[in-house]
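What follows are several structures.
The two complexes that follow have subunit A in common; it is paired with subunit B in the first and with subunit C in the second.
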Partner chain A sequence: MSAPLLDVRGLSISFAGRNGPIGVIEDLSFQVHEQETLCIVGESGSGKTVALLSMLGLLDPLSSRVQGSASFKGKDILSASRETLRQLRGREIALISQDPMTAMTPVHTIGWQIVEQIRAHTDMSSRAAWNRAIELLGEVGIANPRMIVGQYPHQLSGGMRQRAMIAMALSCNPSLLIADEPTTALDVTVQAQVLDLLRRLRRDFGSSIVLITHDMGVVAEMADRVLVMYAGRIVEHGPCEAIFADAWHPYTWGLLDSIPPLDGPRPDRLVSIPGSPPQPDKRPPGCVFAPRCRARTAICAEPPPRQAANGRDALCFIDYADRQARRFGLAENMDQPA
Partner chain B sequence: MTAMQAPSTFQETRPLLRVEALSKTFVVGKTFIPGSGQSVRAVDTVSFDVFPGETLGLVGESGCGKSTLGRCLMRLHDVSAGRIVLDGVDIAPLSPRQLRPYRRHMQMIFQDPAASLNPRRRVGDLLAEPLRVHNMASRTGIAQRLRELMDIVSLPAAFLDRYPHEFSGGQRQRIGIARALALEPKLIVADEPVSALDVSVQAQIVNLFSDLRKRLQLTTLFIAHDLSVVRQVSERTAVMYLGSIAEIGPTDLLFRSPAHPYTQALLSAIPVPSVAPARRRDRILLKGEIPSPANPPSGCRFHPRCPAAQERCKTERPTLTGLPDGRQVACHFPFSLQTA
Partner chain C sequence: MMLAVLLQRLAQMLFVMFGISALVFLIFFATPGSDPAARIAGKNAAPETLLAVRHDFGLDRPLPVQYVVMMKKLFVTQDLVSFVNRGLKVVPAIIEATPVTLSLVFGAALFWVLGGLLVGILAAACRDSLADRILMILSLTGVAIPVFWLGEMTNLLSQNRLHDTLFFSWVPALGYVPFRADPIGWFKALLLPWLTLSLGFIGIYGRVLRANIVETYQEDFIRTARAKGISETRVLLRHALRMSLVPFVTMFGLDFGALVGGGALVTEVIFGLNGVGKLTYDSLQSLDLPVIMASVMYASFFVVLANAVVDMTYVVLDPRMRSH
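Right, the complex of A and B next:
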């Protein structure tokens, strides 16, 4: 296999807290290969956004501490200069963030911003760039692109802004598109359009995509490989098919089982994960998931090993021979809030 | 499931809530210049019943009028036209003063419990407040009622002495639910009560709604944009588009074989958390987005986006019509996009 496009190793991030540094990301390692879609899934607060911001040099260096390494096309990006990263972000890596307002300038029209973006990276004439902007806005599902190009970000609805930002990100045909919950604020019919768009981007331009989401449905639809994050750690990683067919980690079981089904019989009750995710400064020692884990045993008070086989791994004590029995033997419902 | 043949047990009883031709028009951008301002018909001639002990799910994309409808039912808005008959009394025309005795019979649960809970008051005070306002219990009675309410939403009674910010999102929503239940309302309108929660926590609250329905025979209008959540909690489901009901009927029926092209598209758009091809529906990709209710399309409101639209749809607006299987649908050509 060729060298990965993005290679992250041992990434740890902490923020300055009132009583010393608070670790938010713990020893994160993963690769993104050419033309692949990697989904990062996990509940809010698990550290998905912080991890990607650190790789793009977008964390405040005064209040955060980043350790480990990250390289893009073989070049170190964690220690790269601001200018190098800025160039990289426009040309090779595009970021679609959760909040479109951060990526836009309030004083310029949508069209102006897309045209600027296109002209910075190509030698297109401004007329051609303007037409391309209209075309891109149409492609992201905006019904009246000719009108929208002349509007300012604050004049658009949240969904329209999100789509305008996607259009902007697509304008430079990035080799890596990092999309942080790009459809979370959108309605399902619009989400379907946007996911379709991302798939086409990958097919037509060969871009790699890192898609951050909390929706297992989106993961099933989009991912080649999946990282499951919980409390700042990768608790499970593997090919999409394998994880949906046979998840290894009890947290992944919980994520999958807590979704109400759209067809078949309706269960009397959903299998939920008890309690809620811990704040970064309240994470337990040993296995971070232990307080909410139905399969926990006494040994889980110790840090669990990363067990790996067949191109996948999980951060858990459960022996692979035991997994099925442990998952489906957990009949009792621990629905009480912790 | 035999929803097709067996008439729902609910339909034999008198509805607790009957909504008749309810409309709500907002005037936006009005100035002193006569004739200025644009009217937005957020809820357009909506009629439906909710039966005692039933949960009716209300789905549709953002801006289709779900919250406005919910707020009209609670009479947090004045209504522009139509009737809201709650337990035999039409509350639509009542003044705020006339409404007062009816307020405690209808309670709302919101998406963001934090915003609806005063951060400076302890949970116990928050729950006791409605009881005091409505003279519902003696001092000793209140203490007991508070413990009962905490038990109903599975929170320890010790939490009564704490403040809302000390709780997680899921726990705060439990407190919001306890508060709504304090006065034993006849009708609950829950507006996106699980939308702000993480999936794992969402499942806990969805289960709580199922429990409440069984345990307290609650009558609920459950508003959500997430169809799988609505399927899990409601006996019947109504689908709204641009202020009107597109389709309403038994939940199992609607999800198994949707009749309205919009219901079909909506269902097909949901990403299924499975990689098994058999679980996937053929996707119907809709073009564009919901038009503004300030300037709705002619004829069928859905026709510019409808893959099944024909000439007639551009001029003639379909009305909500009953089908033999027990549902109602507002479409000239139901089932024309059958994908299953």
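Right, the complex of A and C next:
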């Protein structure tokens, strides 16, 4: 396999807290390959967004501390100068934000904002850039791009704004597109359209996509590979089909069980994971998921090992032999009232 | 579309001014237990003066008629005279004082808007650094220095102690020089008053602008702008600044209107500028009702006008306001 597009190794991020630094991300390693869609899944606060923002140098340098290494096309980006990073942002790595309602500057037209990005990275004339903006808006499926290009963000619906955001992100043909929960703020029908659009764009433009989400449905539709994050760590990683067919980590079981089944008898209520993720400064010393894990044993007070096989891995004590029994025994337990 | 908004706004202005004029009129003419004729005629007026005033202002007729007579004297015939200052025609006196005050306030406004922008933008650009802290401390100092002290100190140095040095030898004697007669003299006469008046405002406006820019930096669209790979200067000037200017403009409208309406009194008195503030102050000293009445009307006009301009500026700054 060729060298990965983005190669992150041992990334740790901490923020300044009242009593010293608070670790938010610990020892994160992952790769993104050419023309691949990697989904990062996890609850709110698991550090998905922070990890990706650090790649772009968008964390506040005064209050955050980033360690480890990340290389993009073989060049280190964590220690890169501000100017190098600026040239990378928007041109090589583009970002699509979660909430299209607030992600565009309200005082400039859609076209102005797209032109600004194009002209920041190329020598294109304003007129050519404006035409390119119209072209891009057409490519993301906006029916009347000539009209939309001169409108302000508040004049568009949420779905239209997200399309405009995507058009802007694509304006310089980036090799990596980071989409931070791009569908969370949208209606279900619009969600499907935006996902379709992203899929089509990957095919047409050949970019890699890192898709941050907490929606396992989106993962099933989009991902080539999946990273499951919990409390700042990767608890499971593997190809999409493999994880849906046979998840290794109890947290992933919980995420998968929270999807309503399409056929078969309808459950009275969906299975949920009890409790909530620990605050970054109150994470347990052993397995971080242990307090909420229904399959925990005494050994979980120790740091769990990373088990790896067949291009996938999980951060858990439960081994191959035990897995099926523990998972389905668990599901039965859950049906009974406690 | 824009024209309709403009006309609507003008109609509102007229309505507000009518309200103010009626209110001011009622305060002076319909306060129970006081005789407006005695007020207008001034202290210790002769009985025949009182009689004349009573007849002249229609004080023996119903209130609405009195209101119309007063407004006619103010705006149509403009022949309202002061009885305290015998023979002083009130409306021409105000018209004469207006350019002095306008020159003072417009010039100072230019300094404080530019100064406030500069301080706010610089402090926000290097926020939490030493430069930011120094700028904020200086601003606070500027706010804390009272105008009367600063003005007197300026005069002491520029007119007296250091007048013969290179620094201040250009400073003319106190007083106003009309722009038409001598533009350079006008500028020289007003430069120190401008700086004196604007210093405190630069401090306040700089601090407010910095706070608003720093707040705008929390917005999602700033993250988008940074992710686009544009320079940090551009993020500040083209994305953060515009939205941060709204409170700045609001404050400016209020302060500017109040100053033109006589609020620059202290500066005017200290630098010997016979503006509207000085005129109002003198008329209050001698309870000169016609002058008070006229200058209140004049002040309200500028306050209302400044706020109308502010409302229109909002529309320019924030396209979201245009649809309403």
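Operating definition for what follows: the second predicted complex is superposed on the first by the 288 of 338 C-alpha atoms of A that agree within 3 Å, B and C clash if a C-alpha of one lies under 4 Å from a C-alpha of the other, contacts with A are read in each partner's own complex, and residues count from 1 in each chain.
In this section, a residue touches a chain if its C-beta (ideal position, glycine included) is under 8 Å from a C-beta of that chain, and two chains touch if they have at least 3 such contacts.
Treat the numbers as computed from the prediction; the structure is a model and nothing was measured.
Visitor: Check whether subunit B or subunit C contacts more residues of subunit A in the superposed model.
Guide: Answer, by number of touched residues of subunit A: B.
Visitor: Check the residue A:Tyr152 against both partner chains and state whether it touches subunit B (first), subunit C (second), both, or neither.
Guide: second
Visitor: Counting only touches as set out at the top, which of subunit B and subunit C does A:Leu256 meet: first, second, both, neither?
Guide: Once the two structures are laid over each other on A, A:Leu256 reaches subunit B alone.
Visitor: Between subunit B (first) and subunit C (second), which does A:His214 come into contact with in this model arrangement: first, second, both, or neither?
Guide: The first partner, subunit B, only.
Visitor: I'd like to know which partner A:Ala192 touches here: subunit B for first, subunit C for second, both or neither.
Guide: In the superposition, A:Ala192 touches subunit B alone.
Visitor: Looking at the overlay, what does A:Arg266 touch: subunit B (first), subunit C (second), both, or neither?
Guide: So A:Arg266 only meets subunit B here.
Visitor: Can A:Val32 be said to touch subunit B (first), subunit C (second), both, or neither?
Guide: Neither partner.
Visitor: Quick check on the output: what are the common subunit A residues between the subunit B footprint and the subunit C footprint?
Guide: None.
Visitor: Subunit A touches which residues of subunit B in the complex?
Guide: Residues 1, 61-62, 154-155, 168-171, 174, 198-204, 206-207, 210-211, 225, 227-229, 231-232, 252, 255-256, 265-275, 279, 283, 285-290.
Visitor: If we count contacts the way the header does, which residues on subunit C are in touch with subunit A in the complex?
Guide: 128, 219-221, 223-232, 234, 238-239, 242-243, 317-320, 323
Visitor: Quick one: in the complex, what on subunit A touches subunit B?
Guide: It is residues 43-44, 141-143, 159-160, 187-193, 195-196, 214-221, 240-241, 244-245, 254-256, 258-263, 265-277, 292, 335-337 of subunit A that touch subunit B.
Visitor: State the interface residues of subunit A toward subunit C in the complex, per the touch definition above.
Guide: 53, 56, 58, 62, 82, 86-91, 94-95, 97-99, 102-108, 113, 116-117, 120-121, 152, 154-155, 165, 168
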